[in-house]
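In the two complexes that follow, chain A is the common piece, with chain B as its partner first and chain C second.
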Partner chain A sequence: MNDLVLIRKNLFRRKLRAILMMVSILIAFAIFAVLASFERAFNAGQDRATPDRLVVLNKINFTQPLPISYYNRVAAIDGVAQITHFSWFGGYYQEPRNFIAAFAVDPENWMKLRDTDFVFSPEARAAFIRERTGVLVGARMMEKWGWKVGDHIPISSSIWSQKSGSHAWDFIIVGSFTARIPQADTNVMLMGYDYFNETRSFGKDLISWLALRTTSVAANERVIEAIDGMFANSPYETTTDSEKAFSKAFAAQLGNIALIVELVVGAAFVTILMIVGNTMVMTVRERTREIGVLKTLGFSGGRILRMVLGESILLALLGGLPGLGVALLLITKVRDSLMNFVPALSLYPDIAAAAVGLMVVFGIITGLVPALNAMRLNIVTALGRS
Partner chain B sequence: MRSIILQILAVTAINLKSLPQRLWLSLATVIAVGLVVTVLLAFLSMANGFRRTIADSGAEDIAVVLRSGAVSEINSVVLRDQVRLIEDGPGIARGPDGKPQTSGELYLTVNGIKRSTGTKASLPLRGLGPLGPGLRRGVVITAGRMFNPGTNEIIVGRALGKEFEGFELGQTVTFNSTRWSVVGIFAADGSVFESEIWADLPVLQSLFKRAGSVQTVRARLTSPAAIETLRAYSDNDPRLKLDVMSEAAYFAQQASNTSDLIQKLGWPLAIAMALGSLAGALNTMYSSVAARATEIATLRAIGFGGFSAFVGTLVESLILAAIGGVIGAAATYLVFDGFTASTMGASFSQVVFNFQLTPRLIGQGLLLALAVGLFGGLFPALRAARMPIVAGLYG
Partner chain C sequence: MLSPADPIDPMIDIVDLCKRFTKGKETITIFDALNLAIPRGDFVAVMGPSGSGKTTLLNLLGGIDRSDSGAIEVAGERLDRLSESELSRWRASHIGFIFQFYNLMPMLTAAQNVELPLLLTRLGRKERRERVETALGVVGLADRVKHYPKEMSGGQQQRVAIARAIVSDPALLLCDEPTGDLDRSTADEVLSILQVLNRDLGKTIVMVTHDPAAAQYAKRSLHLDKGHFIEKELVA
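Right, the complex of A and B next:
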């Protein structure tokens, strides 16, 4: 009988107790994995952004517009490699609560800029450039509404209206695209700016913001100064920022999600740590006499220490690993209903790896005190204690 | 009957007096339950505070008119002619001078810096006409004065001034290369309007190139029921593609998404944690029964019934959970009640609110704690009641 068998037998000596502890460990790690993934997905905008991507916004606030003429002026600045403009459409499908993330863009340049995030088929690329009333719809949005390429769909805007007074635009889906990297969100719709601009009844020749890529990260500083300097003291002053910083500031507006996650995960872990830690102390104390016998048989203190620690680590893993499974299940289940809020929700491998690491640490912490007690146990006291 | 009660009392007393022998394990249960209740109540008081701040801002006898499908003020556009048609509409109260009690308003967002984090946040800048403040409950200037019409002057809501930098009385702020002076601070009965900046409508219209159009029209109704008349009037006129709703309904809808989301996060988390601590409670109570096996068997041998052993164990578990619940509720009250936070509301702009813990919420927290105590004690109590006397005495 090797030590591992002994560890296993010890752990399951009181089956109910072991199972209860595993359940509480399972829950703590499920909470950890779900919340950490949630927070990661929430901040995915920052992760996706490469450092050479900048956004140019109206200085007053990102909801204020910029003139379309800025597009060519910024494109001409030395150090700007690729650029596109965005106009927020404020779309919905049939009912205002069916929110559709839709933007009017310059099709060709938008696809060039987002080539690192999305995969465009040559047909979709050509059709989106060619068809004035065409829209490009991301794979997840297609799936969500059951649309297919060639469908005619009416999309209403909660902001804009057509010159006819109608709030709805009829679009043809000319193509779709998929994500190249997991953080890229394909629950999005793009339309050509020209058609949108000609048909809307007000706000003509205005856009929401510009997005651009610099020739190198080193050029960022210079490009930012050139853009904001160019429009200083004009009726539309700009503020240029890295896409990462902008996403971060935007996410921060909802509140300190990271802090909330940390507090809840902290509370869950403290709870389990106390319960399991105390139970381990109790379990080992119940076994005092046996440990005395093992020592009499020649088991060294170190070996006893390893066995008790092994037991608590095994317990943590047996509880924690299924916890990760539960988290995976939960995340897959709620992913679609939270698509608008946290697009890239999934159980990230590094979070799972961190969880496994935490399980080992957790096992060591809960097992340390009883293991040390067992190691130091004096045979005479052990056998004498009843 | 009397003897059963006496037995129960005696066994319960023994259980409770022996608690110190299982101090650490019992304490772990108490603290675990306490943390569960704290997490639950923190979320619930946050959702409640947010909802109250927004929902209480709306009055039943004020109509809010938005472009149809706009959902929130920031999206809406109401044109000059539509404003006029609404002003002439039925059901709108008129002042002593015969003028309709309406206010066309612009709702823009501008950047501010949040004090606690130093990050940029979007703040609402509302342009309103002379009747605007009067259409809101309890608006008073607490410092300085009202802005003068036609000038670049702003007044700042009390809550906004506390949470965001640069809006102190007498300061100058710049939006769009125009400078604005903060000439007053206003309170509005703790409503969402205290998270806003107010300026003169025509000045904002010209500086933000929105001449002629507004985003919403607010109107005082002759009675809350008049909303139906006004809505019918708007629906029947093809020139008015507008949504007419009471201010109370508007704000209730604005609040529901965020506060539902907070609650939807809070409950499952708390229940998951409660299940975790339930495992702990079961463990504690089973150990308690195991530790008292000899004692229980002795009591049974001298004629005590199994029922008293059952109740004694259950009461011990309930008391531990209740102590945990009370500690959790007290901790939430001390740490979170009145805690000021701000988040993004439905119009992409910040809403400042306070966490509000109410007796009803505390009741829900304690109920969850007692549920943990009940289930955590039930099975161990059954074991105690069914324990064979002989096994207990030899154990």
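Right, the complex of A and C next:
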């Protein structure tokens, strides 16, 4: 026997009570892990964003277009190192519910700009630049639809139509790419802007936004002022911001996720903290006489304190770790169906590590008061209590 | 001094001990200049009416209560000079306690209960197990190692408590009404074990009891009343 056995035996002396407390903690940590994972997924764009990348949008809002002519004018501004442009395609595959995140881009420059996020094979890179009707498809999207390089796929748009009146475009998959960093989502399709622009029936020579990399973070402010100043008082005024701010604003459309997470988790935690803390106090109080006996045998106050704290931490871990398991199961189950909305949904290792840290803190907070009471317990008083 | 202890090496030596309790605005004096000496290897029964200070004396001897003044020397250590942590360490190695209501841990087996004091030592698992088996053998419960307290009779539980008290081989056993919750024949069994521990293993025993029949097992009995020993009676 050792102290750990003693702690475990104490914890499970009333099995039903211990199990109910563990279930409460399990629920709290499952909620924490799921909501934190959603919050991370919603903000994946911010996490991926590097500080030297800027986004140029129509000042009204990001659904309003910009002229393609801005591309060359912005590229010429001192401090702009790389630039590309995006046009939202609004695609779906076979039927409208099969949403496809697709963008028309300038292939060569888009790949240069996103080289830090994705891995492109030389063959895919060359083919995407060469083939006008070719599309580059991310690995997750390929896997989701069972596509392979060389497949001909009809992709329809819920926004655009061809001059023929058709909403569908026939594309050839000329290559795929994988993520270089965990936050980079590969559930995405890229097509050549030139082909898209020539074949669509309206909106010619318009793009959705520009994305660029500055020569250094120090140049950001100057570049932003130069761009927005250049197009001030024009029919298409711009607002330029960091990619991180853009992603944050995009995520904010879905509400303040971080606030929701904090409120829900906070409420659940405080409630469960009070329940478990109160139960721990009662549990230790019931054992007053036994603690008195342990002290009589020579167990020091410090050792008693460590044992009670150990019990509350063990309880938190036994409840919390299965809670992480439940969260992982839930996330795995819903990930595919939510891939289009929260593509980066995953229980990241740092969230799990933070949860484990939180379990220890939770255990210390709930066990501290009963542990201090036990440590300070007067032996004569304890033995006199029946 | 009430008793002529070994002048060179007494197990217990109390000089001018004072102990008071405060209850509300009232101060109750339990001991006022109490003196007592008990030699090593003695078996003393302390008797007296309720409230006479028997249990308080035992608590003071075991270092779980503090005196207000005076000197308490037990097993060569001045308890009134030790800090709480020093007292904890001292108790673990010098004192074995036996309580009226056994005070076993309900979630531990007999062997685990007996092993508890050994968790405070540096002994390895094997040595601890051997000591536990020996202690349970001394009290005649070698076949009950895996039984939980609720699976044992009162007498068996008290014998487990005795095994727990002796497993770390303390020099002094302090027994607070050890047979107070037992029937006569079971009480006799328990008292016989204490007698063996005193006679054969040389343990010094101080036993608080209300029961004159129990006191007969001691070498002598001391009668405590209103904080003073009023009578000395040699029993054996």
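Keep in mind that, in the parts below, the second predicted complex is superposed on the first by the 385 of 386 C-alpha atoms of A that agree within 3 Å, B and C clash if a C-alpha of one lies under 4 Å from a C-alpha of the other, contacts with A are read in each partner's own complex, and residues count from 1 in each chain.
The rule is simple: contacts are C-beta pairs under 8 Å (C-beta built on N, C-alpha and C of every residue); 3 or more make two chains touch, one makes a residue touch a chain.
Since the model is a prediction, treat every value here as computed from it, not as a measurement.
In the overlay built on the shared chain, the residue A:Ser300 is in contact with chain C alone; chain B does not reach it.
Contact with chain C, but none with chain B, is seen for A:Val380 once the two complexes are overlaid on the shared chain.
Taking chain A as the reference, the larger set of touched residues comes from B, when chain B and chain C are compared.
Once the two complexes are laid over each other on the shared chain, residue contacts for A:Asn2 go to chain C alone; chain B is not touched.
Of the two partner chains, chain B is the only one touched by A:Tyr92; chain C is not. With both structures placed on the common chain, the touch criterion links A:Thr279 to chain B but leaves chain C unconnected. Using the contact criterion defined above for the overlaid structures, shared-chain residue A:Thr271 touches chain B, although it does not reach chain C.
Of all residues in chain A, those touching chain B in their complex are 16-17, 20-21, 23-24, 27-28, 30-31, 59-64, 90, 92, 96, 156-159, 161, 165, 167, 202, 233-237, 248-249, 252-256, 263-264, 267-268, 270-272, 274-275, 277-279, 281-282, 341. Chain C contributes residues 59, 62, 64-65, 84-85, 88-93, 97, 99, 103, 105-108, 112, 115-117, 119-120, 128, 164 to its touches with chain A in the complex. On chain B, the positions that touch chain A within their shared complex are 24-25, 27-29, 31-32, 35-36, 38-39, 42, 67-71, 74-75, 77, 108-111, 117, 119-122, 175-177, 208-209, 213, 241, 261, 269, 272-273, 275-277, 279-280, 282-283, 286-287, 341-344, 348, 350. The part of chain A that touches chain C in the complex is made up of residues 1-3, 5-6, 9-10, 12-13, 289-290, 293-302, 379-380, 383.
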